[in-house]
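Dropping the structures in below, format is structure tokens.
Next, two complexes with chain A in common: one pairs it with chain B, the other with chain C.
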Partner chain A sequence: MAEVRIEGLTKYFGDTCAVNQLNLVVRDGDLVVLLGPSGCGKTTTMRCVAGLERPTYGDIYIGERRVNDLEPRERDVALVFQSYALYPHFTAFDNIAYPLRLRKTPKAEIDRRVRDVAEMLGISHTLERPPGLCSGGEQQRIALGRAIVREPVVFLMDEPLSNIDALLRVYMRAEIKRLQHELGTTMIYVTHDQVEGMTMADQIAVMNQGTLQQLGTPSEIYDMPANNFVARFVGSTPMNFIPGSLQKENGTTVHKSDQFVIPVSAEMAGRAAELCPSGVCTLGVRPEEIHFTMDGEGANQARVFLLEPLGSETILDIEKEGLLLKVKDVASTQVREEDVLSLSFNRFHLFDDETGAAIR
Partner chain B sequence: MTVQQTVSPLPGQGASGANRVDTQPPPPQGMWSELFSFRDNRLGVMLIVPSLLALILVQFYPIVYNFWLILTSEKGEWIGLANLSRLTRDTIFHGALIFSLKMGVVVVPMCLLVGLGLALLVHSDYAGRKAIWISILIIPLMVSEIVAGMMWKIMYHPTLGLVNVPLAALGIEPIIWLVKADTAFIALCVVEIWRISPLAFLLLYAGLNQVPRDIYEAAAVDGATRWRAFWDMTLPYIRPMFAIATILVFVWSTRTIGTIAATTQGGPGRATWNLSWYIYGMSFQRLKPHYASAAVLVMLLMTYIAGTIFVRYLWVERRSR
Partner chain C sequence: MGQTEARATAVRETAETETVPQPVEMAVQERRFNLRKLLVVIVLYLAAFWTLVPMYWVAISSIKSLRDLAHIPPRFFPTDPRLDAWVTIFERRILENVYNSLVVATLATVICLIIAVPAAYAATRMRLPFKFVAIVVGLMGLVALLPPIASAIPLFLLGSDLGIIDEKYTLIILYTVLNTAFAVWVLRGTFMDVPMDVEEAALMDGDTRFGAVRRILLPLIFPSLFSIAILLFIFNWNEYIIALYFVNSMKTMTLPIAIQAQIPQHELDWGVVSAAGTIAVFPVLVAAFTLQRFLVRGLTFGVASGQ
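Up next, the complex of A and B:
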């Protein structure tokens, strides 16, 4: 078990910069999720840690060792591939046993450890089969077993759940998290699925275009996004953005847009004056932070455009003058399409239009 | 053969599956009933018939005709197995058979080694434009046996040939390659290796291209050295291709006739007679096609047995240790 330290990691493929000066510390025993859209450099970062790619600049430490010049096999990390990369000509047993065989583990011990791991993952019945004859979920667990069996210092997971069906994915998510807690091994987990990231991570590192956007616990990422990219990317129903500017009205500061006038607290207005002197900023508000009444009073009124019932809650699509807002209705009120609602905005964030950074 | 259920599901046999077992159609009875019992297949059968007839004409008929030749004398009289029993006493035939096998034993492993080496080189990241390499390397495949033989005969020339030049530089006396039995054997083997290893290269290169890249990465992370990954991943993966390459190289190298015709003409003496040369000599020079047919049968059997062995021991789909 070990800490993973990434210092100033930069990786070029030809002229393309895949990772740009990334600094990240994964504490010993933590599960850190690298989260970001396709092509954001998360997989490249992980491959650099595994030793499958060589950093152009920067250093990677596993524990106290600088591993830049070490071969993958010398790093003692285990990697679960998105494609699983199982050895098709081996049986499941041989797949899991392979890392142990390479370490010249005694035969009896290999047998014991493989069977233990298979039992833990519920794949004992597949051991004599080649991977080609196993289901997707079983293959996924064989790949996990191959990583677990050797007790590495770091687990690396490259979107391991993206190829299995939704139901199994939810189950395996919890299973991997439980395993990681049980084994206490440091894990770096790459995904583009923000729900996966939120549910599994001790820490989330949100990446975009090769740079780290924010590192924090899932609740920090959700409640205090560092910039509008993080705010937009995290959240199963995305955050609403209302472009506008801060203005003084009757002695108080308001965020004024073409559609709404939203009062801003004095505290926030003070910080905004400091951080965003132009006052041009976008207001971001999560769907569950918009409250509404049907009494038809108040300044911020808008029309319900579409209902998206999800069972436990309903998403209201609200339209006003070309701006579409998503509002979560958890109380299942009897709102219908074309109703006019009065909106109030509880907690919201302001993002500097110029830099995209959160004002706080 | 995979068995497909061609009968459509009965009404009421929905996804609920409550009485699925009762209403399941009976399993088909095997390949032939599958083929002929359904009207849908009539068109298929009709489409197959012309090729089947062509096959019978060009493959089956010659084999049967060959048997008839073996069992009769040159005068057309029925002589039973006399031709075959004569073969067992024919020392020239024995020599030719042994020469063919000897050639196979040397040429097959060498071709596979050279082919695998070239395939690995071209497949590696160091080879730039792979298409150029491939088109250069398969030139020997395009050259006919006779032309290859003529070319190498010039190469082996004691004073003009290129082969002796580097040897002379090393201070070795010029070797007169094609006039001594043992050097002639080596010389012929070299021609055959030059001629046939591109075939092994092509097949093995195609095999290498089918190995998924990610299993090498998985092996590297799991702790395998490059050498170990080659043994554990590459070789098992290209094993079926190896079997095909082995069979084809064996057949090509044992049946060769053009190279012998162009270089040694079977000489010195009968030292480089192989089965093909023997059969050719018997049929067209000594005009004993019926007797030569018996040798054809032996050659066929030899190839068949060797092929079976290669498939049996090389073409293993999966490996379990």
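Up next, the complex of A and C:
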């Protein structure tokens, strides 16, 4: 068990900056998800913690130890690879036993621990087989078993679920979360799948282009995105963005775009005046925060252009003058294509167009 | 196999994407009549015939009587087999040449691999730029690219200046040098086929870099390594031109030179030459059969991953 502290981590590959001045503290026993699009530096960050890459600048601490100059084997962290990276010439048993054998664990203990772990993961029946003869899900668990068996102080997971089919993935992500809770071991989990991030994490660290965009609990990330990148990246149906600017109309502030005029609360207007003097900002609103009536009254009218039924809900694609909005509605929606709706915007965010930062 | 059956197999296959193919199903698929396969087999048999006939010819010529040897049309079966040629060849101490060839070919192969494996490892795993690797290996291989006769003369001059002509170790050094670039290049490809992940997993599991190479990487590429070793051995075993310059006496004489030596100025005895040739082919045949076993293993020995 240990805390992981990353201070000013910077990693260059040649002239390319993969990670830039990253500061991150992973509390002991937490499951932190590094979330971001491919090439955002999340895997590089994790590999620096693992010891497979050396930081160009910055320090990494595991517990109280500064581990910059330690070999991977001296760090006591386990890594589950995206490809599982099982040893194809060993049986599943030998794969899981390998870290224990390297530590010169007595044979009887190896046997007991490997079988315990296999039982916990439900792969006892595969132990005598080489990984090549196991299904994808089984291989995945063998890789997990190999990481768990040696009881490391930190688990690192590099997109461990991206190679298994969607159904199994839903199941496995709960399984990994449960394991992590049971073992109480600090875990850093890398993924580009925001659903995995939202469902599994104690804390999410959203990264983009090598820099940390926001660190927070899933609900903080979802409800209070720090900037338009985080807002765009998180959420199954992405947030809607309406470019425009803040203007005074009849004494109240409104966000005025080519399509809509949306009143802004006095409180928000005050902060915007301070943080974004130009007033040029984009309004972001989640699909479930747009409400509508079908009576054809009100200022913000738009036409439904497509229905996307998802079974549990329906997404309405609404179009107005080149702007496309996605709005969530119940599954049994009364709305039909080509209907005209009056929209009202409940909770929304404003993002400074110059910096992308949220105004709040 | 009927169409319905084929469809049933296909359905079963799609239904079992998550499971491993059962041996029974694979057997069914193999039994399916396949015209293409038949053609391939015929071509392979022809090719085998094409290569095996000369070997057979050399072997039977070594036990043919002079009359049979000279007979026109040629005889495929000796009418009066005799072992005279074999007696002669052993009297001429051919076993010493076999020994020389074995020592030179084996040691040159082993030393070459001892140099080439770490070099190829560095070339694939140390993030060296491709251009750098290509240039270094290219320079190493430059001598081997020349026609042997062109490199043999300067090498001979160099060797005689150093006073190391007619020594087995000289042949070993030369063969090693000539083959290293080739071995590095082939091994480089082999190493690249093993995902970096597998080795890094070993590092994460607590192994040292050397341990990861020894316990994970080398066992994984063993079939390829063995195939390369056998190829190198065959190159070394058959090498003629360089040996021709560097061999002066029975002490160093390798088999190809010994066979050449059986051809005197007058009165060529084809029986003796054929007997020597048969001896020379034998280890290569053994090597080829072993190689074939490993080549097949190498092809089916996939590195498991979810990709």
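FYI, the second predicted complex is superposed on the first by the 359 of 360 C-alpha atoms of A that agree within 3 Å, B and C clash if a C-alpha of one lies under 4 Å from a C-alpha of the other, contacts with A are read in each partner's own complex, and residues count from 1 in each chain.
We take it that contacts are C-beta pairs under 8 Å (C-beta built on N, C-alpha and C of every residue); 3 or more make two chains touch, one makes a residue touch a chain.
Not measured: the values here are computed from a predicted model.
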Exercise. Chain A superposed: clash or fit between chain B and chain C?
Worked result: clash
Exercise. Touching A:R103, do we find chain B (first), chain C (second), both, or neither?
Worked result: both
For this session: Quick one: classify A:P72 as touching chain B (first), chain C (second), both or neither.
Result: both
For this session: Once the structures are superposed on A, label A:S83 by its partner contacts, choosing first (chain B), second (chain C), both or neither.
Result: both
Exercise. More residues of chain A are touched by which chain, chain B or chain C?
Worked result: C
Exercise. Does chain B (first) or chain C (second) touch A:G136, or do both, or does neither?
Worked result: second
Exercise. Who does A:K256 touch here: chain B (first), chain C (second), both, or neither?
Worked result: neither
Exercise. Who does A:K11 touch here: chain B (first), chain C (second), both, or neither?
Worked result: neither
Exercise. Given the touch rule stated above, what does A:D94 touch, chain B (first), chain C (second), both, or neither?
Worked result: first
For this session: Name the contact category of A:L52: first (chain B only), second (chain C only), both, or neither.
Result: both
Exercise. Once the shared chain is lined up, is A:N163 touching chain B (first), chain C (second), both, or neither of them?
Worked result: second
Problem set entry | Doubly contacted chain A residues - partners chain C and chain B | 50-52, 71-73, 77-79, 81, 83, 85-89, 98-99, 102-103, 130, 146, 150
For this session: In the complex, go through chain A and note every residue touching chain B.
Result: 50-52, 71-73, 77-79, 81, 83, 85-91, 94, 98-99, 102-103, 128, 130, 146, 150
Exercise. Mind pulling up the chain A residues that touch chain C in the complex?
Worked result: 50-52, 71-73, 77-79, 81-89, 98-99, 102-103, 130-137, 139-140, 146, 150, 163-165
Exercise. Taking the complex as given, what residues does chain C use to touch chain A?
Worked result: 18-20, 195, 197-198, 200-208, 211, 216, 219-220, 301-307
Problem set entry | chain A contact footprint on chain B (complex, rising order) | 212, 214-215, 217-225, 228, 232-233, 236-237, 317-321
